[in-house]
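A single structure is presented below for examination.
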Amino acid sequence: MFTTFREWIDNRHEYAKAWKQKTENKAVGYFCTYVPEEILYAANILPVRILGSHEPPTVTEPYIFAMFCHLCRDCLAQGLKGRFDYIDGIVEGQSCLHLRQAFNAWRLHIPTDFAYYIHVPHGVQSPHAIPFLTQELAKFKKALEDWTGKKITNEDLDRGIKAMNKNRELMRKVYEYRKLDNPKITGLEAMEMVLSSQMTDKDEHSKLLEKLLEELPSRNLNRNPGVRLMIIGSEDDDRVFMKNVEALGATFVMDEHCTGSRYIWDDVVPHEDRLFAIASRYVNRVPCPSKDWPEFTRVNQAVKLAKDFNVQGALVIQNKFCDPHGIEIPPLREALKTIGVQTYPFEFDVTVPWGQFRTRVEAFLETLTGLAELF
Amino acid sequence: MITAGVDVGAKYVKTVLLEDGKNVLTRANGIVGFDVWKSATEVFEKALLNAGLKRDQIAQVVATGMGRKAIQKKPPINPGEIVPEVIADAKGAYHLIPTAKTIIDVGAEEGRGVKVGENGKVKDFVINERCAAGAGTFIETMARALEVGVKDMGPLALKATKAIPMNAQCCVFAESEVVTLIHSKVSKEDIAKAIHDAMAGRIASMVLRLGVEKDVVLIGGMARNPGFLPPLKKELNTEILVPENPEYVGALGAALLALETEGQK
Amino acid sequence: MTQVKEYPTELLKIWNEGKQLRGKYYKNYLTAHERGGLRWAGGAWSFSAIPAGLGEDVYCITGEPHGATIAFFKDFTAKCHEAVEAAGFPRTLCAYMRNYWGSILLDKYILADGTVVDGHPAPDFIWQDHICCSHGKWYQVARWLEEKKGRKVPMYCVDVSVGYPMDKPLEEYKINYIFQQLNDGIEWLEKVTGRTYNDKLLCEAVWNEINATRLWAEICTLNQAVPAPLDEKSMYSLYVMGTLIKHRPECVAFYEKLKAEVEGRVRRGIAAVANERFRVITDTQPPWGFLKIFREMEKYGVVSLGSLYTYGLIGMWKYRPDGTWAPKELPPRKPQTREEAVRMIVEWTVDRPEWAHFYVPEAKTKMILSIVKQWKVDAVLLHYNRGCEGLSVHIAENRHGLVEAGVPVFPFEGNMGDEREFDFPGTLARLTTFFESMELKKLKE
Amino acid sequence: MSEKSREFWRWREYRHTQPDMDWHEAKMVTAGVDIGSVGSKAVVMLDGKLYAYSVMRTGGVSEETAIKVTNWALEGTGLKNENVHYVVGTGYGRVNVPFAKRTITEIACHARGAHYIYGPTVRTVLDIGGQDCKAIRCDEKGKVMSFLMNDKCAAGTGRGLEVFADLIRVSIEEVGKVSLNVTKEPPPVSNTCVIFAKAESVALLRQGWPKEKVAAAYHLAMVNRIIDLLTKVGIEKDFVITGGVAKNIGIASRLETNLGIKPLEPKLDPILAGAIGAALFAKALYEKQIGLR
């Protein structure tokens, strides 16, 4: 199963082109997980997450100042290099200033006939956020209808909601197997499962998940799980880092990433007003730090997950220049320390110097295992 | 009429003696020491010696480069005027290649991009910010880490088999990755290529801010490094012309400007 | 050397009055508790007219101007940065925010004149707004730091990140979203302070704010005159009143007096810079620790008339039918009830120029081009400000738009609040190269 | 070599054998090989006592360096590779030490090595390497309790000093001393990163500042950056400095004045801390292997 997930990620462009040919429907690129994919599925449009290629994004210099994170520049670089020429439009659900620039620069400099920005509110802890987002989603639905020339009915929305909820639920079931003393999947595999879901058709992805869930109980990784780690922080699709860390005698048993648990943790609760139901999901979901104030709900979520998956140590990731996650590092590390989970901070960039990181990871693992036998 | 151009760079002083704005009588260079005035004077006098001339036979001198202020209003050079590097680069490169529209000058410390209008006039320019400084010296430091001569770094890079993407935002990040490569059994050729690709990436991102218009001309000390040109062409995806004696183009431009100021008087 | 005209110059008479007003306000904030008053913390863009309804003795030092004051004093700001980094925060975060947190961690407070007082005065409540990613979290963490010192500070934050379309009025449901949050906020203020809210004071404060922010725009318009009566460096000390006390009558009175004096200077042809011959505008906050860069520019006869930042951070503007960018028209009459006052301040504030550029880069480029045209500007100096991601969002797109419109642009990288990252000698060398490429020779050493 | 072309960045390579010890009588011969980003060290111990060591520059291929530095440590002692019972590799190139049975990070090794060099009262170890700085908190046995390494911008302290020495044309071994003969400490250059610091130093030299004053400003900037790291991890007495830069008196004395804590005086070359720690771990591992532990 995981080889298919991996292939889907590595050949994401070929997959989307083949899907378009087969279905003769449109595909839309999106930047952040605050885009309501339920409505896109309702309009029979394939949402495809735009992520970077981890190569220096020099082409973006005239459009985004290099002091903004590598993710937003790397995403724009993919568009400028023509690697997403097959998508029919782009959509962004408001999150941080960084990805907003990738969206605007794409809109301004890469020909596309549909560019829509949904003002998902930041005040998600306010009671007025859901009614506000419901009206924003109504405008978004209308814009899709005008663009595709097809009405989006309640049945379509139900189909979209069902596809998303089912996919999320199945992935949560797979995550449960990571609580075992000897987890049935590695951290790398979990990331590949969620990442591939963000770039492929949900129903197709869910079928694979159902087969995976049949096989998991008997699956044996025959590897020593070693130290139980958790990875928390900025958007992270760096699979090389995950692979390398898990080769040093540790396993990522849990994550708090928008490319991981945060993407699958909340479902749409059915309601007569479908848009209200979808809006409630995106307001009440585990928030991105850029929307998480005045209370630290995401930090509390990370602490809860660390307990539930009995984590021994956590790697706290900040994409260099990422302010929302950078601001939360000290409160997050302190909260985890109070429940006995040691942490170590990492600064990620477009390319990652594995030499430096290997020393930090191994030394961190040594503090967790204590090299007891050598003293 | 003989004029002179003195380009006091971050690391080297370059001097050009020019006859009637057409043929170059001699070129001389030397390392910049603490006493900038002394180093510039030594190189200037070396040029006079090579050409068998005296100071009073030089009608006009114009100085340029980072250290130009150190020789202002002081004998023996006593330049009639001092001009920023950007203006001297434009003049010199335009003289050598009149179709030049975008000039890239990469020296030891600084990198510059100049957009040139008609008759070599500066339309727009960009100079690397400090984060992107130190192109030349970075290659020197990394040559030391690889136990390779600085001159051999370029040719070594051309023999590489694999391209390894490396951070192109600043030398400190790039250096951390070079150390990683050294300790993960990557061949010296591939490491040298990664270093040159990173430097080219940094200079390209600066020039892209300016916009690339054909013909593109590369000048400055780094133009002599054969490993630097191919990745720069790839990043800017354009052909790049390199004139003869690329590190003297600034000094040549200054000598041409000296002719103009002498003409106006 | 071509002969350069010399304009008469003269010091601003109102200058000291401004200094005293600001100094007095800092003291009032510090000593508020001694007189039973209240202190609140929030940003320069938070709706400061709303807490004014709690009483006349309610004071606020807004975060950004305080961050700038700290940045101005090099060694204090260095200690703040060190304290924040020692606490584990990354160095790339907003420089104002780090200065603010630093003074909490050091438990020190610096006044406008540079004296450092022991004990960081904890606010009674936090009243903030959120449009930049760092806004809400700035005070969320400030609150977390205060709590670790045993001081519980309640926090309320109004989300205004609703999207501001270019050249279209704001939809009703967006205005309503802000209006409802402010209405709930008044009840919250009564709960956390135990005071009964006074709607009459609110109406006064809203009307003061509307007048003060319009007056500042009118004063900025006077800089269209040649020679320019004000230069940006002095405007920094004048507009700061608007970031601190735009809801107070003293601020309205101050700006009325300032406007009269500047109108007098225009009539008499008084210049801010004697040999003005090249008019520039800048963008976003300057490197506060290196304002001497303006004096270097004056040696070339270059004057900075201001920027979208000095004009639009608090000044309120609107495009007129004829396409010119002008001070916003006052509403017909003073608000009488709480609902009228809150709706009026929301409808007034949503046209804030610097909110539009968070969403549409073309909006800011258009406003800068209007200033270039109407203020007769020769070049734009763009500060690629590493210290503030909010005001430098889309800055590369703005540069792109200006260059395509044929405006000479000089971009320079720096940091408004962390002077360790500002390369003064390098920037000065590049700036003088830019002037020389504009055929401007140095006039005096 | 003319003054012009001398390489001020190159430091002296050296080795040493303890004369009064004889490996034939030793029950356990163990070695620690520390392949750093700039310098490589090999240490040979007899029953946990320092016997022979060598220090040389890390070359372009770390595997060759590992072999060369180890052979140089054994040179003249009569010992051959096979006589060494257990070898532990550490440092950047630890994975490339062909004959190392186990690799342990330099954080654990420096803490253990500092315990050997400075004694059991050590609680805070600062290792200023060529590429990275490490601030380590350890217990009375030299076991790591917590640690922190520099962020991306603060990399390259050791190599930065080499580039700086080349810039002001003073040998790397003297640059610390030169930085101290100033009457008053000048304001530091920027400590944002090595590139900013060097650029500002060049500007100061061009303004006519004497070498000593520029060196003082540069060293103070590096020390401020190191202090940031130390305050993050928290400093508990006794405090020691290990790694090559420990011998730079310009850094060590400024750390003392600005931290207000006196680092202990090393009885042994602090650059060996990593390799010593590795050799001691090798002894513990060998004891486990032959059932002694």
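To keep things simple, chains are lettered A, B, C and D as they appear, and every chain counts its residues starting from 1.
Keep this in mind: contacts are C-beta pairs under 8 Å (C-beta built on N, C-alpha and C of every residue); 3 or more make two chains touch, one makes a residue touch a chain.
A quick note: this is a predicted structure, and the numbers were derived from the prediction, not measured.
Using the contact threshold fixed earlier, the set of chains in contact with both chain B and chain C is A, D. Each step here moves to a touching chain, and the least such steps from chain B to chain D number 1. Per-pair tallies of C-beta contacts place A-C first. With each centre defined as the average position of its C-alpha atoms, the distance from chain C to chain D rounds to 49 Å. Distance from the chain A centre to the chain B centre is 45 Å, each centre being the mean of its Cα atoms. Centre to centre, using the average C-alpha position, chain A and chain D are separated by 41 Å. Chain A and chain C have Cα centroids separated by 36 Å.
Within chain A, contacts with two or more other chains are made by residues 61-62, 320, 347, 349, 355-356. Of all residues in chain D, those touching 2 or more other chains are 92, 131, 151-153, 155, 196, 199, listed in ascending order. Shared interface positions of chain C, defined as residues touching 2 or more other chains, are 87-88, 90, 384, 396, 399, 423, 426.
The residues of chain D lying in touch with chain B in their complex are 4, 9, 35, 37-38, 58-63, 92-93, 95-96, 130-131, 152-153, 155-156, 159, 162-163, 169, 193-196, 198-199, 202, 205-206, 211. By the touch rule above, chain B contacts chain D in their complex via residues 10, 31, 34, 36, 66-67, 70, 109, 130-131, 133-134, 137, 141, 144-148, 170-173, 175-176, 179-180, 182-185, 188, 191.
The touching residues of chain D, counted against chain A in their complex, run 92, 104-108, 112, 131-132, 141-147, 149, 151-152, 155, 281, 284-285, 288, 293. Residues 66, 83-87, 122, 124-127, 129-131, 209, 211 of chain B are the ones touching chain C in the complex. Within the complex formed with chain A, the residues of chain C that make contact are 87-90, 92-94, 97, 126, 130, 132-134, 136-141, 143-144, 155-159, 161-163, 173-174, 177, 180-181, 184, 358-362, 384, 386, 389-390, 392-397, 399-400.
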